[in-house]
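Got a structure for you, written out below as structure tokens; questions coming shortly.
Which chain is which? They are A, B and C, in the order written, and residues in each are numbered from 1.
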Amino acid sequence: MIYDVIIIGGGVTGCTIARTLSKYDLKICLLEKEADIASGTTKANSGVVHAGYSSPREFIKRNLCIRGNALYTQAHKELNFPFKRNGSFVVALEDSQIKDLEEERKFGIEDGIPGLELILDKKKIKEMEPNLTDDVVGVLHAPSAGIVSPYEMTIALAENAAMNGVKFFRNQKVKRINHSESVFTIKTSGGEFEGYNVINAAGLYAAKISKMVGLDYFDIMPRKGEYVLFDRNALNLNKVLFPMATKVSKGILLCPTVHGNTFAGPNAQNLPDKKDISTTLAGLKEVLEGATKLIPKLPVRSSIRNFAGLRAVPTGRYDFIIDNTDIYGFINVAGILSPGLTSCYAIAEKVVDFLELLGAVMKIKEDYNPIRPKPERFTEFTKEELDKKIKEDSKWAKIICRCETVSEREILNSIRAPVGATTVDGVKFRCRPGMGRCQGGFCRPRVIEILSREFNKPYNEVTKRGEDTEFLICKTKDFRLKQCSFEEE
Amino acid sequence: MKQYNTDVAIIGAGSAGLAAAVEVKKGGLNVLILERDRELGGITLQCIHNGFGLHEFKEELTGPEYAQRFINEVKRLDIPFKLNTMVIELTIDKTIYAVNEEEGLIEVKAKAIILAMGCRERTRGAINIPGFRPSGVYTAGQAQRFVNMEGWLPGKTFVILGSGDIGMIMARRLTWEGCKVKAVVEILPYVSGLLRNQVQCLEDYGIPLITSYTITKIHGRDRIKGVTISKVDRNFDRVIGSEKFIECDTLLLSVGLIPENELTLNAGAELSLNNGPVVDNNLETSIEGIFACGNVLQVHDLVDMVTAEAKRAGVNAVEYVKNIYGKDISRDERILCIPGENVNYVKPDFINKEDVGEDIIFTFRVKEPGRRKLIQFKDHENNVIYNRKKIHVIPSEMIELKVNLEKIKINPACGRLEIEVIDRPEVLIEED
Amino acid sequence: MAECTTDIIAEIRCIVCPTGCIVQVKKDETGELIFEGYTCKRGLEYAQQEFFEPKRILTSTIRVENGLLPLVPIRTDQPILKDKLNDALQLIATTIVKAPITMGDILIKNVVGLDANIIASRDLVEAR
């Protein structure tokens, strides 16, 4: 079968494009290198839906961000991912910084950002965000900014795309792309795929993919960002808090998450290694120091986790690379760093325009269903609803994760959904077991048991996130029984 | 929704819950135990090593044997219990909401409640170890569950962070199953757990104990490949240049236990410094009629002491229900118990003045180890009203003292008691 | 004491109390064994036992057929010789027992030819 469109990359960019295109009567597939979608940069994204005032005015990403921000309202209604439009503050700690904020406000209003305002009334600022330092002299308030769960949104996009006919293939690392006549032949670690149009949304590896068809005009440099996540009982923020931005990054933010936690981060460090997602002592220290400037009473001891991600920074420029390239049918969507998450819906619109130009027939499907129902959650039922639900299906009462109160039914749903979980992390990102205070301490054996049962494989073949990340080696007596060897590899 | 009414409801069927339940039943009241796991017994079921019961039974038992004694007693006394039942809410008016597969959502109304939920382990994220987040990183208890109950080994070559008893026990356990334990790394300058375990779990097997070191990086993107350890100075700051790499495919963390008080907090009870609920000398929390005992109140080292504490809680809950006391004690009728020099925390958090004539059980831990120490109780005017010598003090061994404040002639106006552990005045030179 | 013509043949850390005295075992000129460094009688007794016949209680698990759990925890009912531990563990590894099991049931009699038996540490019912 020759696909009309093959999307390379299952991050937020690729999945938004997949879902947007799934509206049309086209044969579409998405190829993802890792065992699950949203495994790369998307997973470590801050989850901030930016208002759009901070990108330089000459960049295409500025308008894509402003437009993308507005499209979140509709997308949220249709796809039912966790999203809150709670607003953001850029915090000035010195009077000299106010004029920069005022300029941002002016340009932002001109470019159509709703409700952007400068607040200098300290009392009002503290009412809106009581945790903020007393040293604040003024804030730029953007009510259109918000927070989203980046991986839950990406999963929602993928599920809806799959519901509407997009085929997802995971564990497919692209090795070679041949191009003859009007057909691209993509060879992956798992097979071969043919398509008339290819959309390169491969994140950190977008330059590598682009070069496979001879398009060598950009490179991607990873820029690491580290984060510290705090216990939900320790701190509750109302607004996303930004320090004054520098040339290199938006700075170390303090951000509430849609699940009630708070995180601090990211810092910014350029690196050559596309695989280095390790956190560092120096990096975490930098994050905590930066964060304490905005929230002096930061409960450092209540941190429950730290993690890091890599931004895909295009070399030489900081703007998005969204090109209908010289290779007919090959579209590059690369260098989608901040505000890429906010812009995703607008970026997808651009891709639709490109495909039209390329001659793809964009006929809307009759049975297109934009609604992806909200996944049911134990914690969101009232007692009456819970009682009824359990009577219909007793698996609602079997609680697997005690920290986040997640039932077996939710876990089974997350596995059996389209583009469902196949790994422990897959379950974690879809319905939260392992994200709480004990970080999987009690629930991991039970989640492994469920995955083992659903996929009919022994416990020691269940992985954290794909090949080589198995948890268990062998059965308890196997070394002594020589059923498992002890050779050093 | 099914509704239950009972005199005393107990959350948790581990060592604390079971012992408390037995006392309540012996006291002639109705009791119901709610347990989230698939069997009674709690954490000692996975502690298959021996060393339990020396005080309680004057025998040396394994963890499962200790639990089995109480399980048998619970069954003999026909004490009702529910398994696979997760408590999802506890309210201030002593109503419990729980779920299980057979009955769905249930409501349990009780005249008194005993909290016995135990504790959880401190995680890698909570101590912020930098590096990758590969598979192969476990807390020691998690690994113990897999090896001893689920029947799976998590790896072949291990490094263990933390020389507490559970870390050392697991070092031996894994060695006995044919694994290789490369080292036990401890941030303090001394071993954290019992000497006996250091000898019988580490020295017996040539497992190096590396003190004053901690793990500063985890290597390996998919599966852990090894750890970097660094020496720390007296302020626990990394000594640059002291890094060493140890290859391993599994890391076990034995870095502390935290009482599990999410339900307690959400019910509106006050928590104290040690993450356990604030309690008075009757083990009653700041919510009238709700008592706490075992690891949920304070992390214990000996299960025998958990049992003793749980029995007290059971007896006190019975007295409460039978209305021997039950008034709300106002602030000026209390004596606050404050941790003083070298004391980490003290239980109880306060004493009801009307109980001053009774024997009070104080439990506390020191911050620093030492020899030839003096435990002192000081009143609100800093007068020493009680003291007791102790040859050895170490943070990993909880100290228990039974004191009768009336007998030591405490000033009736005293509203504050400070407990400190100091050097004996006659020791002029610091011993090593 | 006179200059030592004695060799230290072993050093034993006593675990009877938290002091942890190091007891040295030496051979004097006549070939007699001397124990030094203990500070109480219990310490000497412990060091002597550890030197001549070190013994340990063995605790482990045995595989179970058709039990609610795949393993049952076990222990030796008395301490066994330390240098027989590995043989005992190997024998335990190759054994499979059947549920139902009651705490105290003898699962292996006279393990590796010693007086000690391997007994179950808990009840274990059959799988449903």
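Throughout what follows, a contact is a pair of C-beta atoms (placed from the backbone, for glycine too) under 8 Å apart; a residue touches a chain by one contact, two chains touch by 3 or more.
Every value quoted in this text rests on a predicted model; they were computed, and no experiment measured them.
**Q** Building nodes from the protein chains and edges from chain pairs that touch, which of line, ring, star, complete or other describes the result?
**A** Graph shape here is complete: every pair of chains touches.
**Q** Chain with the smallest distance from its CA centroid to the overall CA centroid?
**A** Checking distances from each chain centre to the full centroid gives B.
**Q** Going by the average position of its CA atoms, which chain sits the greatest distance from chain A?
**A** If we average the C-alpha coordinates per chain, C ends up farthest from chain A.
**Q** So, what's the distance in Å between the C-alpha centres of chain C and chain A?
**A** Distance between chain centres: 54 Å.
**Q** Report, in whole Å, the distance between the mean C-alpha point of chain B and the mean C-alpha point of chain C.
**A** Taking the average C-alpha coordinate of chain B and of chain C, the gap between them is 28 Å.
**Q** Taking each chain's centre as its mean C-alpha position, how far apart are chain A and chain B in Å?
**A** Their C-alpha centroids are separated by 39 Å.
**Q** Residues of chain B touching 2+ other chains?
**A** Only 147-148, 150-151, 177 qualify.
**Q** Where in chain A do residues touch two or more other chains at once?
**A** 476-477, 480
**Q** Counting only residues that touch at least two other chains, what does the list for chain C look like?
**A** 61, 63, 71, 89
**Q** Across the complex, what residues on chain C touch chain A?
**A** Interface residues on chain C, with respect to chain A: 61, 63, 71, 89-90, 93-94.
**Q** Contact residues on chain C for chain B in the complex?
**A** 13, 15, 18-20, 56-57, 59-61, 63, 68-71, 73-75, 82, 85, 89, 103, 121-123
**Q** Chain C touches which residues of chain B in the complex?
**A** Touch residues, chain B against chain C: 39, 41, 45, 48-50, 60, 62-65, 67-68, 71, 147-151, 176-177, 194-196, 199-200, 203-204, 391-392, 394, 397.
**Q** Quick check on the complex: what are the chain A residues that touch chain B?
**A** The touching residues are 228-229, 233, 275, 277-281, 283-284, 303-307, 383, 386-387, 390-391, 394-399, 402-403, 405, 437-442, 444-445, 459-460, 463-480, 484, 486.
**Q** Provide the residue numbers of chain A that touch chain C in the complex, in ascending order.
**A** Residues of chain A touching chain C: 476-477, 480-481.
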